[in-house]
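Pasting a structure here, questions to come.
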Amino acid sequence: MSKELFVKKYSDKVEALDNGSFLVSYEDWKDMSKHINKIGFDYLMCITSYDLAVDEKLGLAYNFYSTDKKEYLEIRIEFHNSDKIFSVANIWRTANWHEREAYDMMGILFDGHPDMKRILLPEDWEGHPLRKDWKEPDFYNGMPVPKDKSYWE
Amino acid sequence: MYKILDKSIIGADEMVLNMGPQHPSTHGVLRLKIVTDGEVVSHIEPIIGYLHRCFEKHCENLSYEQIAPFADRCDYLAAMHMGHAYAISVEKLLGIEELPSRVEYIRVILAEFQRISSHLIAIGVFGLDVGAITPFTWTLRDRERIIDLFEQVTGARLLYNYIWPGGLAHDLPPTFVNKALEFLDYFEPQIEEYNNLLTTNKIFIERSADVGVMPKDVAINYGVTGPSLRGSGMPFDLRKDEPYSIYSKFDFDVPIGEGLMGTVGDSWDRYYVKVLEMKESIKILRQALPQIPDGDVQSALPKKIRPKKGEIYSRYETARGDVGFYIRSGGKNTPTRLKMRSPAYCNLSVLNEISAGWMISDVITVLGSLDIVLGEIDR
Amino acid sequence: MSEYINNIIYGVKSFITGMNLTLKHFRNKKDLVATLQYPNEKWPLPERNIGFDPSEYNVIRSRLHVDIDDCIGCLQCERACPVDCIKIDTIKPPKGSDFDCGKTSHDTQKKMIVPRFTIDMSECMYCDLCVHPCPEECIYMVGGPNEPKHEIDYEFSQYERHGLVFEFATATDQDIIDIGAEDYLKERKAKEEKRIKGENLKGVVHQEDSVSSALSDPITPVAAAPVAAAPVAAAPVAAVPIDFNIKSIDFIEDKTVRGTAKKAFMGAKRAKLEGAAMIDFIIAELDKASKLDDDIKNTLEGFKGGKN
Amino acid sequence: MTSALDYLIELLAFTGLDHSILVVLAIHIPALAIFLVMVVNATIAVYVERKVAAFMQDRLGPMEVGLFGFKGGRRFWGGIGQTIADAIKLLTKEDIVPDNADKKLMLLAPFIIFIGAFLTFIAVPFSENLVVSDFNVGIFYIIAMSSVGVIGIILAGWSSNNKWSLYGAMRAAAQIVSYEIPIGLTLLLVVIVAGSLNLGDIVQWQADNRWFIIHSPFTFVAFFIYFISVVAETNRTPFDIPEAESELVAGWMTEYSGFKWAIFFLSEYANMLIVSIVASVVFLGGWLSPLAILNIGIPESWMILDGPILGFFWVMLKALFLVFVMMWFRWTFPRLRVDQLMYLCWKVFIPFCLANLFFVSIWELISGTIFR
């Protein structure tokens, strides 16, 4: 069982959560990601970024799947929004776009990503809209953002 | 694959070609920045986001019931799949294990019809991409009939909002089963016609076989799923591997690419897997349609959707691949974070890897064989 | 060589198969043509006989309809709508009043009247979510011509956006006065006037009307910016960070002067001027428009010192 | 065989004008006639093409626009005024010229293509004696003139200052220049057998012997090579790679609109007609009646069907059938890729043509000395 291999190696560094996922610290992530790939989790299904809305902390959830052993693994990292997370884009290529999206939407910084720029939003967008503290701007590229809709209602 | 000459010998510059966002064959508002040397493509950068409709931001402000129609609008060619996938994920979040079997049967039947209709578009548009226009109109003609069935059931033709978390919006009309069987009888011979006109055509084979070969390991590494992954010879189908709903009750095969006309994992394989999958869907439908049980389709609908704190990740096999919903619930009636892992998003990211080194025409072919839907990529 | 010949033979064979097939379709067009000539022939909309009442209800989603006599004003549909296209106002009779709000066809006593029930079909996403929570089954989607209850147009087309805003409420002004809610009428009138004003603006908001108007004429400040920037760059810019933003201008009382100042502010921002340079630019702009007086100038100069 | 031009000059001789003026006058009449033929051909062909496409695709095609209150058939052949309405629309449309385009060349390009098609018509015989000018080197002239168009295509692609146009033009140049060779070689084969470059003589040879398509197995193959090559030369599917709409938007026509675009269309359909007429004249017996080759004891009085008047009918019948086949191709096949197109030309057609030439010479030698 690949999952046990992972737990065995990092038993002191991971915190098991109640739904079967593991919370790890972002400093260990570099070694762990390589190990996870080695033990057979060849398919990275999804990277979800989320905002905890306390202490400026952000989170990342990695969902892995092993196509050989049909096994799931969910790893979660929670960190301060100025921390740089090790990019797994060179291990699982699919992470390339997922990480770009996490940067785009949540402003998570990745270390060693081959092409870090916005993906869904335009290049000149300011801010990261999925953060809980994001405010709709008054102007976008000099155009006023209509907020007072009473004229049209 | 074409070897690009050593440029120091001929002193040729590369040209950047901007394909899209308005282009006949980018399947929507996709923009490809193509670096070319003559006709030969050396690098492709897909630029997406032109159809970004803030789905995930919307979801943070809508209740779980209200998200369902928005989820439909992500993959507008397989809206039923999206509704089903979302419903399954919310049920998982709520801990609803058992649904009335009538609900499950109707869901599976509609999902398989949706798979056929989505694949019909994929096949027709792939033909259009390589220059054959007639198959496109034929497939659309048959898709229209499926849409008529859907209209009869749900009242809408494209975006249904029929499958709700915990049940269905309303029951099937009584004439549905007969009409559906009638359609299947009509439709099965049509697949032969498509094969004669397009699949086995020499020019079509020349255009698509051996083009854009995607080996199995590359596909998995890039997170490619659905018919594109199966075209690479990997028999991975969530309906078979981890049956959700009631797929375990039915007997069907998972077609994979075998390299009949060229290499395993080429564009032709990715195309042909879709043709075979339509046949498998018909097989499932023929088993499911006669045995729909009676029952109330709304008995399991939760009165109010207010899940406990927690998060789930659920997967579903749509026509394009593996859609995942990661939902974090904060105990309110709106999710605190809903992330949709869209299949076409991952499938598109492999484009540069498999089509660099081919010609411009081949880029179109590969893009067509990946069968992307921009609504789902940009969300 | 044999592969070469085989390829040619296979190719010719597949061409003949394909051409036979298209010729078959060309010749048998009578049976195969699937086109419907729309305005002349119409596809019968599929009939449905399930729902609230088998004889009357059709799930085809073409337009929302409300039987307003049955509406009890519970606002369930308004809350269910994901896109907020339903807008309902309700008035409750004051306590002790003997105003009778009527009964629904289900014999439910109504507790309030509904003076406004607007559905904007141009915003509707046809999701059907509002239909299901209704306790009196009075809001529903209607279908096309074979709809037995409401025979309406086939495609519900409208020539203007106005036509898509449907008002279902039937409560008259007299009803509202009877119930004792003259305030509501006044409010509604004011809203209506504002709406008409907004419509007359045709999307262009003039500068005195709102903050966002600062941009109605974006060309001038941009063109002026480089000219203004040159002398400013030479002047020593105060090192102290200056807390100067668009709200700081609000001290100016005259609307037109404020508008000009805000316009200048945006122009300066676009020219990437900051702090003292920005204030200088605004002063120069106001001067140019001959709207500068000493008070304003002094206050603006004061901002440079960091006092706000 | 006399040409229409000579006939007109004789006809106008009664005016007593100087001969040189007469020639100038007489040239204008067939020129106008050719232009009318091109316009009428394009109008009808566009309508027919849309109908053929529609029927093959289980659709109806244009059904609404009528002509003089007459809409056409009710169920299938309706909308007969559609192309005329489209033509009016095209002529009144705004003529858009991109800012950075080479405006003069961009204006010139459609007319060069048009002139190529127009000049070719001079030597194309519509029937016995119904040819504007009867050249001794008719086939040679037609081959030469039909390649004028490629200059226009390259100009159009270059001057519109658009990358798609440039791609289209480069593809078109490569394609048309390559396919000239098989066309030339197949026609050369006919010339070898008939011993003349004059189209009238070639038809006369077929009247004396038999049609070229059934003359020998080699001419039979040559007909198909010729036909497929001209499909490629007129940029029709499956060889429409210069204007491949799913790849290059519209190829070299991308930046054109309105009247100039209409000229392109006119020339395309004119080219289709030209190559079909040439194929029917050279391989299918031209104005000879198909009834004659059956030789089933048709009474002598019926042989009027072979005469000059009905000759026009037979030529057009054969040519229009070939035009229909071109449309049939278009709505059946996918498009080839650039390198596959070149493969087909250089590695399939040209070897076959050369072998054909060799074998047909031997065939003629043997049949000429032994069988006769």
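Order of writing sets the chain letters: A, B, C and D. Residues in each chain are counted from 1.
Definition applied: contacts are C-beta pairs under 8 Å (C-beta built on N, C-alpha and C of every residue); 3 or more make two chains touch, one makes a residue touch a chain.
Just so it is clear, the structure is predicted and the values come from calculations on it, not from any experiment.
**Student:** Determine the chain that sits nearest the middle of the structure, using the mean of its CA atoms as its centre.
**Tutor:** B
**Student:** Averaging each chain's C-alpha atoms to get its centre, pick out the one most distant from chain C.
**Tutor:** It is D.
**Student:** Nearest whole angstrom, what separates the Cα centre of chain A from the Cα centre of chain C?
**Tutor:** 34
**Student:** Could you give the separation in Å between the centres of chain A and chain B, each centre being the mean of its C-alpha atoms?
**Tutor:** Taking the mean C-alpha position of each chain, the two centres sit 25 Å apart.
**Student:** Taking the mean of the C-alpha atoms as each chain's centre, how many Å separate chain B from chain D?
**Tutor:** Roughly 45 Å separates the two chain centres.
**Student:** If I count partner chains per residue in chain B, which residues reach a count of at least 2?
**Tutor:** Only 134, 141, 197, 201, 203 qualify.
**Student:** Would you pick out the residues of chain C that each touch at least 2 other chains?
**Tutor:** 15, 18, 21-22, 34
**Student:** Tell me, which parts of chain B touch chain D in their complex?
**Tutor:** 15, 17-18, 23-25, 39, 127-134, 137-138, 141, 197-198, 201, 203-204, 206-207, 359-362, 364
**Student:** So in the complex, which bits of chain A are touching chain B?
**Tutor:** Chain A residues touching chain B: 18-19, 42-46, 48-51, 61, 63, 67, 70, 74, 92-94, 96-97, 105, 118-122, 129-130.
**Student:** Could you list, by residue number, the parts of chain C that touch chain D in their complex?
**Tutor:** So the residues of chain C in touch with chain D come to 8, 15, 18-19, 21-23, 25-26, 29, 32-35, 37.
**Student:** Would you tell me which residues of chain B are touching chain A in their complex?
**Tutor:** Going by the criterion above, the answer is residues 48-49, 52, 54, 56-57, 60, 217, 220-223, 234, 236, 241-242, 310-313, 315, 322, 324, 326, 328, 336-337, 339, 341, 345-346, 349-350, 353, 378-379.
**Student:** Which of the residues in chain D come into contact with chain B in the complex?
**Tutor:** 53, 56-59, 163, 167, 237-238, 240-241, 244-249, 331-340
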